[in-house]
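The structure is given below, and queries will be raised subsequently.
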């Protein structure tokens, strides 16, 4: 996969977004003219600063934009041949596209176990048992807390439930909005480990929005960078890792150097991104 | 000319509830008003003018009554009003009507405050609840000497008027009230009240509800298998109530100043109505049709007496100076120089479930 | 086309108006209000008076429900209290109307504390019940204390004379109501841009965070109840004067629901929304009548059998359709229009 | 003693009516987070339809039962589909307003399609009196108590054992996220509306038989709403008990104190209980965490 | 010597769980102390106790020697405790300015009636507060969203607004709960700069919960590690980083990572 120079070389991308333009409240343009594709079996990461429009794009993919008065004005989104712009969320999920939403969105009044059960809503009872087993092994902490009300969990525990809940659906395409948010380093490692494993074993495709660029780039085959509603840079992960801008602004290396710079030495000036000029 | 008058038309207005449960009252009333008008129009109108009616629905909500009256007077510019909805609504409308000076009839929900002191342009046709209740109580006291009485009243001015009547009757007769209670309007379940009635061994029960409440009270008595003499007041004296109660309604005592439909005069009225009303309207006839008819007829008689010189002043003058007006459904109606209340006599009557009607009791 | 105005001092940020143009518009609006009675007849004036009274009541409710997020179904309780406070003090005791108005605000404000205290721990729709209960309880109290309130018979209320000026015609009464309405708008606007108003909003949006920010939840919830009831009480007194008669019958529970409807249709939490909503909902029966009137004579013939039901039907339908097309209410519509206007010819 | 028993029995009978309607409030709330203010009106319309069917078929109870349940379901589905579904995801108060609009429409419809008169609904032996050791009760009153317990049992089993019940809770908690789990939220809403219409319709019909059928029947909704709150808005079973408590309390207050306090008694009890349990007797506490 | 903030043997139970268990900690003026620990270790609960959102089960918290036990929750802020929240707790429907102004709430005195009149003291206070807020907005570089409703801002922007709101309360000690979560490198740098500036310019002490180890190690004066509500260790960043308990429970770096990784992988593999 990673030999490919661009994603579009693929014959039939699994997920394909073409020239998407997304508008909130009929007035706020959050995504403009974004094209992006994810090939089956690959891991694609989407990076970008706050407010770039990443989450917005994911909402469009799962058909939940309208809940916030958002609208896919132009462009198209296809997943495994299905036109997502015209599909209902539940149908999209049935097709195997599952999202771990930003902000976890747990069912706060339900227990951990009930939340996981909801994740496997489309699965049979026996599959449910098996999947629960899997998730509990991945996150032993959740097993301890299985009958605790989800709303009272710590932030990180909630994130585990959110990721676990999505895995319960055994997705073909797993879409994650900042899965590592608020997690301890150990758990982040474990989550990435699992994603890598699932992709290997189940040929699961992963589309990932992340702020933790180092981890994401290690895992991903292909990386897109989004700023101000546009894709400003994309390329295979190895190539991106050597891009100087990416190194400075996403990986935290001091400009040109190989050393990570210390947060203590941040200069007091406004940076400008080269790719924006 | 005065407002509401053209060369060819005289415009009258009324406000009544046409929606919701009180619609039972308003719709029937309107049918009566229309009947009176149709009768006059069929006879060639008044001095060549046809009479027309504008109706406003207030849904029994006071603020809407007031709005409607303002609209009738200010926008539709009617010549006179034939009704101002129920008791509270009419009371609240008094200041506007008084200020406007428009001739207005009060055929529903009569209270002394509406004619004492008399308001020049407001004419109250019928009888007050208080006096009706007094008569009813006196009758029951006479026929049930030594009885234990139970009284269930609504917690509003209607209930208060009945309580006053009862109190007045107590001055003239031996009335031993052993149980008395008030309920909040709209109550449907009278189980606890009736249990107390039962516990108090009541012989005579005043059911002071309007429609649904009386149905509830009588049905509950049936359930508890107690058989006091139950007396109900005229607002609910309509066949539908008897039908809704079922056989237990047989023997219910009522009181009214209009004649029962089953009486000769009542039948004559129905026959008359059939000549003028549509097929849909005839089944809606009840006592409110009679009161609406009677008061409108009185008004139209006065208007007629003015002939071409039709003004408010003239109409009011004729209202007070006309000889008693024969309406066929109640005692002749007359007013006087400073009398704005017809003070119509009442009859006591008894319900018959089979014919769903009331007939006057023979003493 | 309007564009952003430059502000040079912080004080300018706080001012209610930020340009001459805006002030001119406000002036035009005021002149329009003053001119209204000249265009309307008896009925029209009473309609706009009713709109203004409803708007005042809705603005009061807005403080509690729109800003502080405390849903109330029992605003009629405070209207009743306000109306009786006015009627008793002015008509029964002969006090000057200006004091009557003050009492019409103060009495409900203090009474609302009694409703507020058991409501302190309640949230969302649970709160609806204490307020609903207060409506029933107040009615019962009015009946119980009939020595003071005249029980079910009610009290007649005359048009007030304030500082020797008699508001005795319908048009004059409208000016009085409009003036009080204007004061209410100003008070609400000021409140909204003060620490108090922000505390209300904070409680609505996230009461726990509000507490950590130093807002005393109990105190502020009670303030909201009081401020709201004060205004609602005054609207009750005005309503009593408008009806010339104060009874509990004049204040059916329906009014409370209607007040909530005004806020929702207008746009929750917005003062302009409360006003627009009042105009819309009070005027709606007129609109439906007008629609019905278009069908002419045959429709009128239908009158005694079904017209009124059909009007009710239309009323409900209009509300539903409106919310379906514009779930954020009239203010949402207004904002869309404004945005379209400033952005024109672009869409965003 | 009999006096007390009689008070209790009539309290239970009316309380069961409140309880059934309260349950229908709760089930819609629980599965969609929406309070349906037209619940009383819906139960009234269903009662009227049942009455029409019964007068049209000489009161065959089976035909009436099947016909009115069928109608209740279709009616609820239509309402849900036409008026409620399009509002999904909109502010909750706007949704509630829509149900208030519906209630205005339904009230008008009843007088338009039928009339404003009270009727005596005679259906089979519904009106007949049964003697329980000196306490007389109408058959319809027994039926409504029985129906309440059937409904309680049904709902308990449903929420205890069915994953669909879980999905309902999920939709109420956050319908957008529930969709992300593959839940057909529309279907969940439909089921809730249908169940609620059947329950409140049953209450309406049986009430009409035992008392009267009139366009003021919708007032039952206003009685049942406090019962729902008392039981806990999101507790379907709790609200059933809320209804019973209010029914019995009303009768006890009416029987021992004064009937003018009846109306208020229910509210006073509710307020007292809410001061101790702000989420009703059985309601779920809202999660508060920072 | 009284510390600015001192926790002594603080414990908080939820049902059977000891979320915070006998934690002692103190912080001086101008210090930056980080609290680290695995998910569910009790860090946020600790903040909830310090900021008055939850009462302690046992133990005591004092600010400048004053015990907080008797102080009502909404007055904690007046003693100089400001905080941000892990899961964002903004006033969603208010604008950025409104939100930050709420932070000034306790420092203003306007009563309801004065507020309705907007005259005299009320107006003066309002202007003064607004001036301070504009400074904060400028400092945090969020001028461009000043008048936006915060609910429509992106996650990272909202976090900045929260920081602004906490600053507006004039804190002596600022509790920051995972303030850079969800931020990219560049934005994290900005926040790091803000934190250092706040300390430098205002002398505010900062208590920081963070999972971003780079940030923690770079800017903290001391680090306090928790697990299961208990203190594992406290000390200089480098020392804590190499503490075996911390590595095992939390960091899993180096060898730990290799151990945990395949272990998990195997377990998952088996289950699949």
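Chains here go by letter, A, B, C, D and E, matching the order in which they are written, and residues are numbered from 1 within each.
Everything below uses one rule, namely that contacts are C-beta pairs under 8 Å (C-beta built on N, C-alpha and C of every residue); 3 or more make two chains touch, one makes a residue touch a chain.
It should be emphasised that the depicted structure is a prediction, and the values quoted were computed from it without experimental measurement.
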| item | value |
| --- | --- |
| Touching subunit B and also subunit D, the following chains | C |
| Smallest number of contact steps required from subunit C to reach subunit D | 1 |
| Centroid comparison with subunit A (C-alpha atoms), farthest chain | B |
| Farthest chain (mean CA position) relative to subunit D | E |
| Comparison of A-E and A-D by number of C-beta pairs in contact, larger one | A-E |
| Separation of mean Cα positions, subunit B and subunit A [Å, integer] | 74 |
| Whole-Å gap between the CA centroids of subunit B and subunit E | 73 |
| Centre-to-centre distance between subunit E and subunit D (centres being mean Cα positions), rounded to whole Å | 47 |
| Centroid spacing, where centroids are CA-atom means, of subunit C and subunit E in whole angstrom | 41 |
| Per-residue multi-chain contacts in subunit B, two or more chains | 19, 23, 27, 155, 184 |
| Junction residues of subunit C - those touching two or more other chains | 136, 140, 143, 208-209, 212, 308-309, 311-312 |
| Residue list for subunit D, restricted to those that touch at least two other chains | 107-108, 111, 260, 263, 286, 289-290 |
| In the complex with subunit C, residue positions of subunit D that touch it | 35, 83, 86-87, 90-91, 93-94, 96-98, 100-105, 107-109, 111-112, 225-226, 229, 233, 260-261, 263-264, 267-268, 270-271, 274-275, 278-280, 283, 286, 288, 290 |
| In the complex, subunit C residues that touch subunit E | 10-11, 13-14, 187-188, 190-191, 193-199, 201-202, 204-206, 208-217, 223, 226-227, 269 |
| Subunit D-facing residues of subunit C, complex | 71, 118, 121-126, 128-130, 132-133, 136-137, 140, 143, 208-209, 212, 257, 260-261, 264-265, 268, 306, 308-313, 315-317, 319-320, 323-324, 327-329 |
| Subunit A residues within the subunit E interface of the complex | 24-25, 28, 47-52, 55, 102-103, 130, 133-134, 137-138, 141, 145, 152-157, 159-160, 178, 181-190, 193-194, 197-198, 201-202, 211, 213, 249-252, 260, 262-264, 266, 268, 271 |
| Residues on subunit E engaged by subunit A in the complex (per definition of touch) | 14, 37-45, 86-88, 152-157, 178, 181-190, 192-193, 196, 211, 213-215, 218-219, 249-253, 256-257, 260-261, 264-265, 267-272 |
